[in-house]
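Structures follow.
You will see two complexes here that share subunit A, one where it goes with subunit B and one where it goes with subunit C.
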Partner chain A sequence: MTSATRENDSPLLTVEQLSVEFMTPLGTVAAVNDFGLSIGRGESVAIVGESGSGKSAAMRAVLRLYPENRRTRIRGAVAFDGVQLATLSNRRMREIRGDRMALIAQDALSSLNPSLTVGYQLTEALRIRKGWSAGRCRKRAVELLDLVGIPSAAERLKDYPHQFSGGMRQRVLIATGLALDPDLLIADEPTTALDVTIQAQILQLLRDLRQETGMALVIITHDMGVVAEIAERVTVMYAGAVVESGGMRDIFTSPRHPYTEGLLNAVPRSDRRAERLASIPGSPPSPTTRPSGCRFHTRCAYARADCASVPAGLEIVAPGHASACRYWKENFHGAD
Partner chain B sequence: MVPTDPAVRDEARVADPVLSADALVKSYPGHGKGGLIQAVRGVSLEVPAGKTVGVVGESGCGKSTLARLLVGLEEPTSGSLSVAGHRVDAVGRRRRDELMRRVQMVFQSPFTSLDPRMTVQQIIREPLDVLRSKGPRAERDARAAELMDAVGLPGYLADRRPSQLSGGQQQRVGLARALASGSDVVICDEPVSALDVSIQAQVINLLKDLQDELGVAYIFIAHNLSVVATISDHIAVMYLGRIVEYGPTDTVYDDPKHPYTKALLSSAPAPDPDANARGARIVLQGDLPSPARVPSGCAFRTRCWKASDLCASLDPALEPAGAGERTVACHFPE
Partner chain C sequence: MRKLLVKHIAIGLLVVFGALTLTFVLVRMSGDPTGLILPQDASAAQRAQLRAQLGIDKPLLSQYFSYLGGAARGDLGKSYFDSSSVSAVVLRYLPNTAILAAASFALTVLVAVPLGTLAAMRRGGVLDRVVQAVAVVGNSVPSFWSGLLLLQVFAVTLGWLPTFGTAGVASLVLPSVNLMLYLFPNMARLTRASVLNVLPMPYVDTARTKGASEGRVMTVHVLRNALLPVLALGGVQFGSLLGGAVLTETVFAWPGVGTLAVHSISRSDFPVVQGIVVYVAVIFAVVTVLTEVLARAANPRLRTAV
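And now, the complex of A and B:
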């Protein structure tokens, strides 16, 4: 593998100026605009945002999962382990996808084929990609189910997805992502459909797996609680663009964008019960009609006159911490 | 500001809870020889006027079945329901309808619980249109407009259809509809779990404002403990069809007595790196058992770290624990 010869401090994945647009009968939907991200080896990064913020679309575009046709326009540079992904043939891309980076889609039930056994689905990649024998596949499948904490793994290989509970299905899905031992695992809302006690189990599992395998993790979520549990760095998205990014602790303790601040305040907390929740007025703009200037200005408590006209780009506010608020200095002066 | 039929309301004695459930049981026939699915296994609950009782629990704990029982969408297998002190199974059909009119529901999925072909105004007006004592059309229209205003929906949305609204707006329509017939208690089944965080906060604040203004009581059912804590005066924690702990919100959250409550509270990740670093997380093993195969004795014993032989043989009753109004169903409370 080439990664061994490469310097270990070069980033594993870099995304620059990624934009994703869909041409629809209702107009152009700009799902992602000028998205950037850099992930180091073994690092865990959370991409946070509400529905329609473009967080899933950005990662799907990184994996080249969108069909290449006239109705989809994807621009930008994505480099994985130093290789520009856009230059690769579909075949080479398929090899990277799965071998080197794997996606765990959001809905565990609909991501597994109900008519195939779990054992078959777990090892599909190994058989097709690596041409492994049935016996070897079986051994690896048991290993994988053990790894994700499914009891009596050997007996469960012949079971179908519906015979597993929601939490167990999510574990199976994570196991399929791990089959080829990827360097980067992208998990799209891996715990959203799960109960809190099961969510705690899955987050624990993801933490343990990172320790054991040293893989990097991108977790796409809307839940600030999950972010605080697992991420080292955080990228906050709003209306298709990154509004803030930085170290997890910095984002939580000294947010430098009004949206991040609003999002943190809006989360109800059982340990600090408030009479009233601080809510963000209005609702996220639709992807067909993004506001001019700073996209958050229509809901921003700090908005100034020129926020509606002057677009906001990311500015460095501290080492490793960037905000897309032009007035971050004024708005968060002495906030800490 | 929400006018109710005064004749109906005056009858209720003030001290009576607006809604009370007494030992509600609901079981469904299982598949094959699988026996009964015991969705709700004896739940008693009282909702005082103008207060909020929160119900938390994981999926499969019976909280949605309980909601449907409370609003009269399901007939209990045994047990009874009283509205404003009157048992609904002891009165005639007409009287029952009058009583149940005061209990309304807001559903989990804002979109699928609204008729896609009706306009916002029609949806909100519908409960008024079907009343026996309905007033003239103009009056009902005015009332619908009033309700839209109360839940923060701008008037120009009156002629829109649900698909033209955002999730938060749809849920406001559902809430206005629940309030239309002058209800005393609204059962909210996961009313904000389908909404984004920023919108969720708006709807929770709205529910609180409406309670202050109208004195409406809520039963607030959700799996998200923080959301429930924010809005509830009392909390009932459910596990496999039973209430395992009940008490004032502060008491239950600050000092949980049932191991399950403790585990549930510790598994919810706080949006705060330091809170999580403090540790003491209890990660429960295994999943919720199927309601078709409820374990013997205490139903929680299969996942409980304190379980002993006693727990397998004897089902603990919900009994007072410590000071205050708290009750716990556990042989070995914390």
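And now, the complex of A and C:
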């Protein structure tokens, strides 16, 4: 709530040169490479990519959810509201996680504790962080369930997660994320497990919540349809790295990276009749053996000889729009 | 819930009935007890008289029904050697077994659950390897041997604790530790495996994203779920302890049900042996029902699944 009213131009969250590596017996897995992101207060940003592209790993690393051990190496700078998160003690980090940033994980059923009532889980953060009494928590839990549109909220507090339907569970999980009025809500594939009508309801809910609370929203998805529904800005990831980022409209109307173009062509559209949906040939590279040069060159229709050897970095193609394709000018010249 | 309880009690009664029948048949098959009770040179008339006295001269079926009828009233007959009833004999030894069972089970839970949990949290670490090694050793060492070893070291050489008897807490230490060594491997390993299953669950991370401390994450979120299978194992272990730990009780001369069983078998006191078997069956049935009730209380998914 506070963020919406605050007159402050500095971004809420900035991530620079974030990399996440896991040491496994099969070699080093580079889940995220040189990831960057900036989110303004109240803004909504989508991170798009295929499974394994590092979307979730990047966000988990931002929240410092990976255990600190020799098998995980995380580098980069993450600043939340001007504070470098890496410098915080575990205790201070827990405060940020509870109060300011919330993460809604992918699968609502396995993300809720099967042995605890929904009412308890909804307000656990309030008990821990604010030391609220049981009665006060109960009131807030009813409010939260009302907020996410669960009918007869008061009677459902004593129920357990398995007693809710898939869509309702997703709402409960969203409500747990909202308990402390976070400034930033990160939703990881919030609609993937749901059928289409429920998907639309959940997206509508997230939009409404953003309007009501003024929180910033990061939505992690592989679905360009979801992106179009909810995001103001889009970051496209491929094989652990950002390949394109820009405003939602720019990305949809004038993509400047062959991978983004491929993703867009794979979306069914009512204004285009096609026998088959286009798909991107091949499959994403394994994280243990990333291709040299531009990582997308193995699947790129426009690939040139030197794409396999020269690494591609993000270049500004227009104000607020960046692409990691070295030949964006040639490939997308006059494409609009 | 009530339906389930009724079902379990019915199953329990069936188990007890089965145990009664089986012991009856086995005892009758084991031959004529008069040969063991009377001296070798007893006359045929003396034997017949004893048979009539013990009631084993009647047809088998009528013996069976009067035995069942007696059991239903709590009367399991009289010991051959002691004029008191079987129930009285068993009840005399029962408190000792109950004390030892409670002490050793509490000790096992207090040692195995935290160690299993820590081993899982530091998987592959030093503690994990030590716990696993101790579990393997504990599983392979027979109780009578570990018991003798404990006696040798702590009672004989160091003289810290008494070698046998039931005098005070000190005499309870060695038998409890010995039983703990026997129960520890399964409980520690199950706890470890179960915690390892729960740790990667997304709801554990959900708790972390709420800002919960690691201690809270482990107790409220991980152990609450991870201990559900451990609870079931605990029920079985506690039930078997209440049935009398034959080897440990014998080694430490602990006057419990296990010692009574060994003693009664060696002198062919069939009614007492029968009584012990029935008692063990009843205990198991009761412990099973209680474990089921506890599991339901702890696991909400079981409650609505019926």
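Methods note: the second predicted complex is superposed on the first by the 325 of 336 C-alpha atoms of A that agree within 3 Å, B and C clash if a C-alpha of one lies under 4 Å from a C-alpha of the other, contacts with A are read in each partner's own complex, and residues count from 1 in each chain.
Quick note on the criterion: a residue touches a chain if its C-beta (ideal position, glycine included) is under 8 Å from a C-beta of that chain, and two chains touch if they have at least 3 such contacts.
Worth saying up front: this structure is predicted, and the values here are computed from it rather than measured.
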Superpose on subunit A as described above, then tell me if subunit B and subunit C fit or clash. fit
Under the stated touch criterion, which partner chain does A:314 make contact with: subunit B (first), subunit C (second), both, or neither? neither
Tell me which partner A:277 touches in the superposition: subunit B (first), subunit C (second), both or neither. first
Comparing the two partners subunit B and subunit C, which touches a greater set of residues in subunit A: B
Quick check for you: in the superposed arrangement, does A:162 touch first (subunit B), second (subunit C), both or neither? second
Answer with first, second, both or neither: which of subunit B and subunit C does A:107 touch in the superposed model? second
Would you check which partner chain A:115 touches, where first means subunit B only, second means subunit C only, and both and neither mean what they say? second
Have a look at where A:249 lands relative to subunit B and subunit C in the superposition and call it first, second, both or neither. first
Using the superposition on chain A described above, determine whether A:225 touches subunit B (first), subunit C (second), both, or neither. first
Once the structures are superposed on A, label A:99 by its partner contacts, choosing first (subunit B), second (subunit C), both or neither. second
If you take every C-alpha pair with one atom in subunit B and one in subunit C, what is the shortest distance in Å after superposing? 8
Inside the complex, what are the residues of subunit C that reach subunit A? 201-203, 205-213, 216, 220-221, 224-225, 228, 298-301, 304
Residue numbers of subunit B touching subunit A in their complex, please. 58-59, 166-169, 196-202, 204-205, 208, 223-227, 229-230, 249-250, 253, 263-273, 275-276, 281, 283-284, 287-288
Subunit A residues touching subunit C in their complex are 60, 63, 65, 94-99, 101-103, 105-107, 110-117, 121, 124-125, 128-129, 160, 162-163, 173, 176-177, 179
Contacting residues of subunit A [partner subunit B, same complex]: 50-51, 165-168, 195-201, 203-204, 222-229, 248-249, 252-253, 262-264, 266-271, 273-281, 283-284, 299
